[in-house]
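The structure under discussion appears below in the form of structure tokens.
When the chains are written out, they are named A, B, C and D in that same order, and each has its own residue count from 1.
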Amino acid sequence: MNLEDLNKDLATKQLAGFWASNITGNDGDVIEPRTTVVPYLWKWDDIYNGLLQAGELVSLEQSERRTIRLLNPGVPGTTGATNTVHTSIQLVKPGEIAKAHRHTLTALRFVLRGGGAFTTVEGERFTMHPGDLILTPQWTWHDHYNGTGENIMWLDGHDGPLLKALEVMAVEPFSQKQQPVEAMPDFSLHQFGWARPPEQLSEFPDPPFRYPWETTYESLKALASTPGDECDGVLLRYVNPRNGGFTLRTIGCEIQMIRPGEKTRSHRHTSTTIYHVFRGSGATIVNDQRIEWSEGDFFTVPLWSWHQHENGNKDEAILFSVNDRPVKEAFGLYREERG
Amino acid sequence: MNLEDLNKDLATKQLAGFWASNITGNDGDVIEPRTTVVPYLWKWDDIYNGLLQAGELVSLEQSERRTIRLLNPGVPGTTGATNTVHTSIQLVKPGEIAKAHRHTLTALRFVLRGGGAFTTVEGERFTMHPGDLILTPQWTWHDHYNGTGENIMWLDGHDGPLLKALEVMAVEPFSQKQQPVEAMPDFSLHQFGWARPPEQLSEFPDPPFRYPWETTYESLKALASTPGDECDGVLLRYVNPRNGGFTLRTIGCEIQMIRPGEKTRSHRHTSTTIYHVFRGSGATIVNDQRIEWSEGDFFTVPLWSWHQHENGNKDEAILFSVNDRPVKEAFGLYREERG
Amino acid sequence: MNLEDLNKDLATKQLAGFWASNITGNDGDVIEPRTTVVPYLWKWDDIYNGLLQAGELVSLEQSERRTIRLLNPGVPGTTGATNTVHTSIQLVKPGEIAKAHRHTLTALRFVLRGGGAFTTVEGERFTMHPGDLILTPQWTWHDHYNGTGENIMWLDGHDGPLLKALEVMAVEPFSQKQQPVEAMPDFSLHQFGWARPPEQLSEFPDPPFRYPWETTYESLKALASTPGDECDGVLLRYVNPRNGGFTLRTIGCEIQMIRPGEKTRSHRHTSTTIYHVFRGSGATIVNDQRIEWSEGDFFTVPLWSWHQHENGNKDEAILFSVNDRPVKEAFGLYREERG
Amino acid sequence: MNLEDLNKDLATKQLAGFWASNITGNDGDVIEPRTTVVPYLWKWDDIYNGLLQAGELVSLEQSERRTIRLLNPGVPGTTGATNTVHTSIQLVKPGEIAKAHRHTLTALRFVLRGGGAFTTVEGERFTMHPGDLILTPQWTWHDHYNGTGENIMWLDGHDGPLLKALEVMAVEPFSQKQQPVEAMPDFSLHQFGWARPPEQLSEFPDPPFRYPWETTYESLKALASTPGDECDGVLLRYVNPRNGGFTLRTIGCEIQMIRPGEKTRSHRHTSTTIYHVFRGSGATIVNDQRIEWSEGDFFTVPLWSWHQHENGNKDEAILFSVNDRPVKEAFGLYREERG
């Protein structure tokens, strides 16, 4: 029997020999982290116009959610912006209800347009204004209602690609279209305030929460007078309000200001990031590729890619981003190198 | 513009509408965790004979490692036994060296045949006898040397499929074929003994370690007189010797005795398990499928499948297994139901 | 030799026999936690008038601090209100500086009278208004300056008695009277906000911090509509802003509202509490003793004493308190029983 | 009113002014940790002979325990060797039972003479041989029985002084003289082995456990070929078998070998240590005081004292010790300086 025959024989038994190649590649080369995700820029106008047209063509009776997903050209299939974290943009029109359900998938909303609609999570109503971040963590009931007279649009981030890889996606519809609002206004702010009830009613390790834009922006502006991070400018991480850890166990959310004239130092790390340009314009150089972005755009920086940001304008640029760093950190797989 | 046109237009911009279907399936059905992994049995004779033939046909100069992988019919591609954890069986012949390297992939060896060969991890030499479990965690230098006169075979478990999904696989060859042995005999046993140096030399959160079969078996036998677990018989988890946590941050290793005449209660959970029959024979019922196993075989129980074990014989049956429970637990995604 | 001679002989060698008595007392009685601390009420007028007189008689050149300590009649010596936690009340007159130093002792300030003076901690200036809580944790430089035209008085809580028992008290004077103010306004609020810099500049596990009265009171009022705790009414714990744990590693700070007409259920626990009546009046029954308190008073509830609070008035009563529960919890020594 | 009058007036109200002195001493001196504990040596012969005589004069009917306590000349009262940790030596004669009870006090036994007696903790019987360490943690039922033909003597260490300071001492007698033995032999070794049942039966955070001398000594000997610690020679810490942390939450136990000819570097730290000379002889220099010790002796090194060990002999010296470092670490109060 020769090797080819052995390979064939093994295949019939759902076995496969590992002897085709050296693990370390040709002649013992080092192998570094590799991703199929490619740097990519999605323009706001395309997303915005697409959503408006979808608003005409698709009702929330037809589709539980009306969203447009970012697809990365490098990711096989058609459902994700990266291998771990997904981003789409959602439209809820005046008077519409995106009905209540819950899932093992952990999600977040960052509000882009409109103001005054509600996301209800586990009985608590969170008002949505541009720049607000709202968490709908794993297995929390949630629904959205736009009682205002104008469209509302927001970024949906979630860990769907990771959960798909881990094969633990589960979904359950709520018995009614909307869940009842049972919590007092600002319940979670009081529950997770600096002075808080010792026994917390919420038992979710990643709790539902709303980070209001005003306080986020206030910190960004105040810290703009400090040196900031040489690779990231003035960067804030949204923390778990219970314990100060990562935003969510599977997703990190960050917001950063690239100040007028600022050009950051290049670095690379083993987490992947999807950025949204919340304010201003500028450019990010990813390896040898220059991505020019302006307000409303989205772009991705794949893991282990050298990247740096610059803002050549007179106005501040503000980038909101979601990343999979908590997943990498959980297993000791996060590494960073500075250029 | 109709919806079809919009879909086409979006596609040109790497965007995709989510309005094809309800998340919760037809008419609001509940969706439960689903896996493509199928229950499967691999027979020892096939593996053993395949390895012996490979021993004739493949040298360790040609291939860094000589292993046969278990392929699950339900997992696309050709590299993994499950979506998160991989198992293969390795042969090192008398006089051979499986050369030194390290990788971000975390691995373990459970010895099946032979005795007295060495695995060297981070300068410490671990002798390999049947039933011993040896850890070669993330980024630890390791190589194998069979200085005995007989073949040695062992089970290789690793988190390659997970690391592939996370895109953080990195590999580095050692400058020489073998790393020097620098540690005293039983160094890690002393370092992680009940009385141990306060400042540990090893800085690996998951440290290199060897769990000798004698002590494992002694505990199994002693605890056989207790009721054990109704779903798992007498089950032991190999713990991280540093802190008593999971065996490794990405893989759990367990060993269990199904006692003569024992039939366990059915349960299901969101972790996937690959079993090796180390001693005896019996059967595992996975959903409606009965898997009859005997010494040396391997089989898989996919996540969220109801399963129970039985041993209708007069001799004890011992199952060694690897699972992805630590990964599920890390994100609050582990659930169990008992039948 | 008889037993008496043996006892004498041992004594000369710094040895002592333990054979005088049964550990469990006469005939095997159970022994329960016992404290020498007794329930006690200190009246605000006594403290206030004493401080005003001290303001005339003692300058901050003579004494680094001008404070009046609460002495518990049951605690031997003259320095503590309890065996673990100490409370005193401090006066800084217009134009005065209480000079800069640091110590291993962990302290906190809860402002009682005045407004607009400063406590500077590790280069950050914290403005002091009634109801504000300010932390000056272990080994942080701190000084106080009253630049306003009116007296300022505050409660000083610290773990001096515990540190004395542990014999680790250390103190260091600053090179100048006042430390320079180097941090921006609200630095710690930005550093420990919901969105915060990932790399914190402050390395103190218990960080300097100010809890403004407005947000504390807002939560108290909002949660007044919930059932609250049956033994404690509407109770909030000030949490470590870094990680949501106890206020300080050695001291817990809490604030609670006893609502008009509320009478709480009796309980007892192995932590000792010193209360300050910040607003309103009412009574606390400690074992068989009734303590009638009104605004400004201080009182102590010793550990393992049954106690309950009542507010027979039309106005809310608000109690600020410090306790040693974190110390008891650290060693698994906290127990609670409800009547 | 003058200051003296004010002081008197305040005293009548259980108040005391703090204005006698500067916190930082004369002219702003630095204050360092100070202890009243003094270095002291207790000779084995005194203890041994005292115990034998007590064996004649005191029965276990008269006194629940027959122990001789080490009293430090610097510690007020008559019950402790230090401010936090207590040590005494116990004798149980052939046929005697030291009856069952439990207490909030956490204790340990280090066996000195005899062999084959039993300590039963929470239903598990632990055989006692010289060099074995046995834990009887907080609130675990325990009793001792000497079924052998010879006296047994052991060191009792416990956290009584700390619990007294914290006022949480509680004791409960068992309903019978001895508790029933319900656990299999070596139950805790199996429960906390490298491969262990995932659901532990023991719920004590500090579990009952026995560290056999053979394995301790084996590690000491093996590690004697390594450089060891420059201040402590070859030192091992007994770890919590559940999680690798400190021996007990309130007490650390260590064992160290000072090798023939070894002289360690001087250091000081904020924990206090009581040493027992288990093997050999040598000297410890504490500040300017030289303590010459030989087998069986006990001695104390007070906190923040410079100390170093030397062994001028041809045989190894082995010191067993108990310390309060876990208490200091719990609050960030542990500091070390090397000379």
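To be clear about the criterion, a contact is a pair of C-beta atoms (placed from the backbone, for glycine too) under 8 Å apart; a residue touches a chain by one contact, two chains touch by 3 or more.
Bear in mind the structure is a predicted one, so any value in this text is a computation, not a measurement.
Enquirer: Using mean CA coordinates as chain centres, what's the chain B-chain D distance in Å?
Expert: 43
Enquirer: For chain B and chain C, let me know how many angstrom lie between their CA-based centres, rounded off.
Expert: Computed from C-alpha means, the inter-chain centre distance equals 53 Å.
Enquirer: If you average the Cα atoms of chain A and of chain B to get two centres, how far apart are those centres in Å?
Expert: Their C-alpha centroids are separated by 31 Å.
Enquirer: Mind pulling the chain B residues that touch 2 or more other chains?
Expert: none
Enquirer: Touch graph of the chains shown: is it line, ring, star, complete or other?
Expert: Graph shape here is a ring: one loop, exactly two partners per chain.
Enquirer: Give the pairs of chains that touch; include all such pairs.
Expert: Touching chain pairs, listed by label, come out as A-B, A-C, B-D, C-D.
Enquirer: Which part of chain D faces chain B closely enough to touch in the complex?
Expert: Residue list for chain D touching chain B: 184-186, 189-190, 192-199, 209, 211, 215-216, 218-220, 222-223, 225-226, 229, 235-239, 241-244, 254-255.
Enquirer: For chain C, which residues are in contact with chain D within the complex?
Expert: 1-3, 6, 9-10, 13-25, 28-37, 40, 42-43, 46-47, 50, 53-54, 57-58, 62-73, 78-79, 83-84, 88, 101, 103-104, 138, 162-163, 165-173, 205-206, 249-250, 270, 272, 303, 324, 327-328, 330-333
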